[in-house]
Amino acid sequence: MRTGRLEAFSDGVIAILITIMVLELHVPEEPTWSSLHEELPVLLSYPLSFVYLGIYWNNHHHMLQATERVDGLVLWANLHLLFWLSLVPFATGWMGETTFATVPTEAYGVVLLAAALAYYALQWSIIRCEGPGSLLHVAVGRDRKGKLSPLFYLAAMVLTLVDRWLGVAMYVLVALLWLVPDRRVERVLTRTPPAA
Amino acid sequence: MRTGRLEAFSDGVIAILITIMVLELHVPEEPTWSSLHEELPVLLSYPLSFVYLGIYWNNHHHMLQATERVDGLVLWANLHLLFWLSLVPFATGWMGETTFATVPTEAYGVVLLAAALAYYALQWSIIRCEGPGSLLHVAVGRDRKGKLSPLFYLAAMVLTLVDRWLGVAMYVLVALLWLVPDRRVERVLTRTPPAA
Amino acid sequence: MRTGRLEAFSDGVIAILITIMVLELHVPEEPTWSSLHEELPVLLSYPLSFVYLGIYWNNHHHMLQATERVDGLVLWANLHLLFWLSLVPFATGWMGETTFATVPTEAYGVVLLAAALAYYALQWSIIRCEGPGSLLHVAVGRDRKGKLSPLFYLAAMVLTLVDRWLGVAMYVLVALLWLVPDRRVERVLTRTPPAA
Amino acid sequence: MRTGRLEAFSDGVIAILITIMVLELHVPEEPTWSSLHEELPVLLSYPLSFVYLGIYWNNHHHMLQATERVDGLVLWANLHLLFWLSLVPFATGWMGETTFATVPTEAYGVVLLAAALAYYALQWSIIRCEGPGSLLHVAVGRDRKGKLSPLFYLAAMVLTLVDRWLGVAMYVLVALLWLVPDRRVERVLTRTPPAA
């Protein structure tokens, strides 16, 4: 089975998720800047989730470029990842409309953590389908950043209990960690000089 | 006529349906776990329909991989299937918001039953278009699971009249039946050892 | 310029339009069949517009299969058609929620008429771009049904002034006219035996 | 890295943005033409933004046709452009529902200005990725219209402070400037005869 339609379907779902979050941005009632200011928590939570979904699209893109064959299990592992990503707009809206209250900010972390685990399950299912010579298997061999993400989300959820803004800061930090070019981050994390 | 654009259009519609269901998940008013708990029926009906739409996407994908040519009738049979699938978010929302009340749970069954029948009409229209040598015709020759689905939906609708939770359990059961890998289910249903 | 991305973009827009109409189907407040019955006008206007958008997707598909080259004017003629189609959910919702009242039913006709004229403008722009040897030019030479559509919509708008149900019946009739296989309709309309 | 999936994803997002704006067009409460008349500001702001998003899709299409390779930075520059475009429905809704009040009309200009700057950042990132021989670099060498756009948006924002309708007129003018075929506008702007 080829990967073409899997890519197209995933792109479709992520493109829709990234845009329907805009529907949560309710038009302010008054035509004033202060009225826009009241929407600020929602307006700030939106770019954060936009970046997270962008990171997933980006990584999903790279993962499938290193993939040649998929089977039924991979299709379902992919739908499982899309399911958790589809809850991002819901969690974002709840967090934004309650001005980053503790419980919704924890719920946001639960969704991000579940999505991260679903991503590894997808990665594992592709490597299992392709066998030991899998190009993806070689590529993710040094996937330190990926393995740390779930720990960072757990840390953010614990920090949220202490002070919700510490939790939010942690979510922003993990997003930035994925945004900066890969090689440099890996260098920092492994403290070894980059290959060639 | 090639199948490419038919696949792309169907993928687009199913991807949108699977994601606009999230818009039915209203953000809880209070930032508390108990407030999320009140949304539980909606939060439970959502993954059920997500799985059903995933199953249709998956099967549609397989069906069109075994298809070489389509004609005008196939295009309309496909739109007919998409029409019934497009009512899934509506039926899901009604069922979830009324905590699986009897009538909405029956309506959910009506939509699933109509979608299942539309799926067979599409299958039949492709085989009719391709003629007796159709690869799809050979592939669905042993389609026992497919032929049983409408009966299962009817059973769920009858069970809902007895006790709505029995009906819901039946919908979950049919979804699981399609989720587990095909070959093993067929073996169970036909009670014959698997080929090679 | 190739037609691939034009097709993909148009498919995307039509797929979204066909599905966001479902968002107009408000979940009934009570879990009863009579509550669903109150939604009947909306539930009836939805399949009508679904069929119209399906017809446009179908015809658009055929038109672009006979097209080899597009230029800037064609891109804009296509966006112009998509603009009018994008008003279909709005007109459908207004017509449905007012139980096919006169003014919304007229407005529905205005949108269908404008879409039909935009479709011919697109056809003309493609033929102009490809020059006299255009395959599409040959194909639409006998396009009697297409030329009659705007007249039918005008007739429906006049009939709506007499009795709105006559207007609705006319919209349904035009949709059916496009649904039945092309060759047989042409035979009826031209009263000549079909070629070969 | 090829451009195919980048194009498909961007098309998906723009197609969704162009259509979800329709969801802001609330169905009028009364079935009368005057009731539709009250929706007029929203109905007028919608085609303006439809045209702007159409222009971006069109230019994005042309830009990527002149592009052969993309890297990680280009993917993020593209997501950055899509982020600002995704705020167009929000700004359009606010501007329309407040009948083009000053602050929302300024906010509309901010979003258009940010999108224009994000477009140049994307252009620059592609040229940087492809190196000095970049086909895109040659193509945009004479990009006078592009360089003037941000100035026009700034002018519109200043004019809005004087009289909001002057600002709106400026937004319409810039849209028209991009709508008319490229070569003729360039000729007007540069006052030199067109090449060959």
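We call the chains A, B, C and D, going by the order they appear; numbering starts again at 1 in every chain.
The criterion applied here is as follows: a contact is a pair of C-beta atoms (placed from the backbone, for glycine too) under 8 Å apart; a residue touches a chain by one contact, two chains touch by 3 or more.
Keep in mind it's a predicted model, so treat the numbers as computed, not measured.
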Quick check on subunit C against subunit D: do more than half of the interface residue numbers occur in both copies, making it same, or fewer, making it different?
different
Quick check for you: after a Cα superposition of subunit A on subunit B, what is the rotation angle, between 0 and 180°, in steps of 5?
90
Between subunit D and subunit A, distance of the C-alpha-averaged centres to the nearest whole Å
28
Once you find the CA centre of subunit A and the CA centre of subunit C, what distance in Å lies between them?
39
Would you mind listing the residues of subunit C that make contact with two or more other chains?
8, 12, 16, 20, 23
Quick check on the complex: what are the subunit B residues that touch subunit A?
7-8, 11-12, 14-16, 18-20, 22-23, 25, 27-28, 31-33, 36, 47, 50, 54, 57-58, 61, 65, 179, 181-182
Touching subunit B in the complex: which residues of subunit A?
1, 5, 8-9, 12-13, 16-17, 20, 23-24, 72-73, 75-76, 79, 82-83, 86-87, 89-90, 93-94, 97-98, 101-104, 107
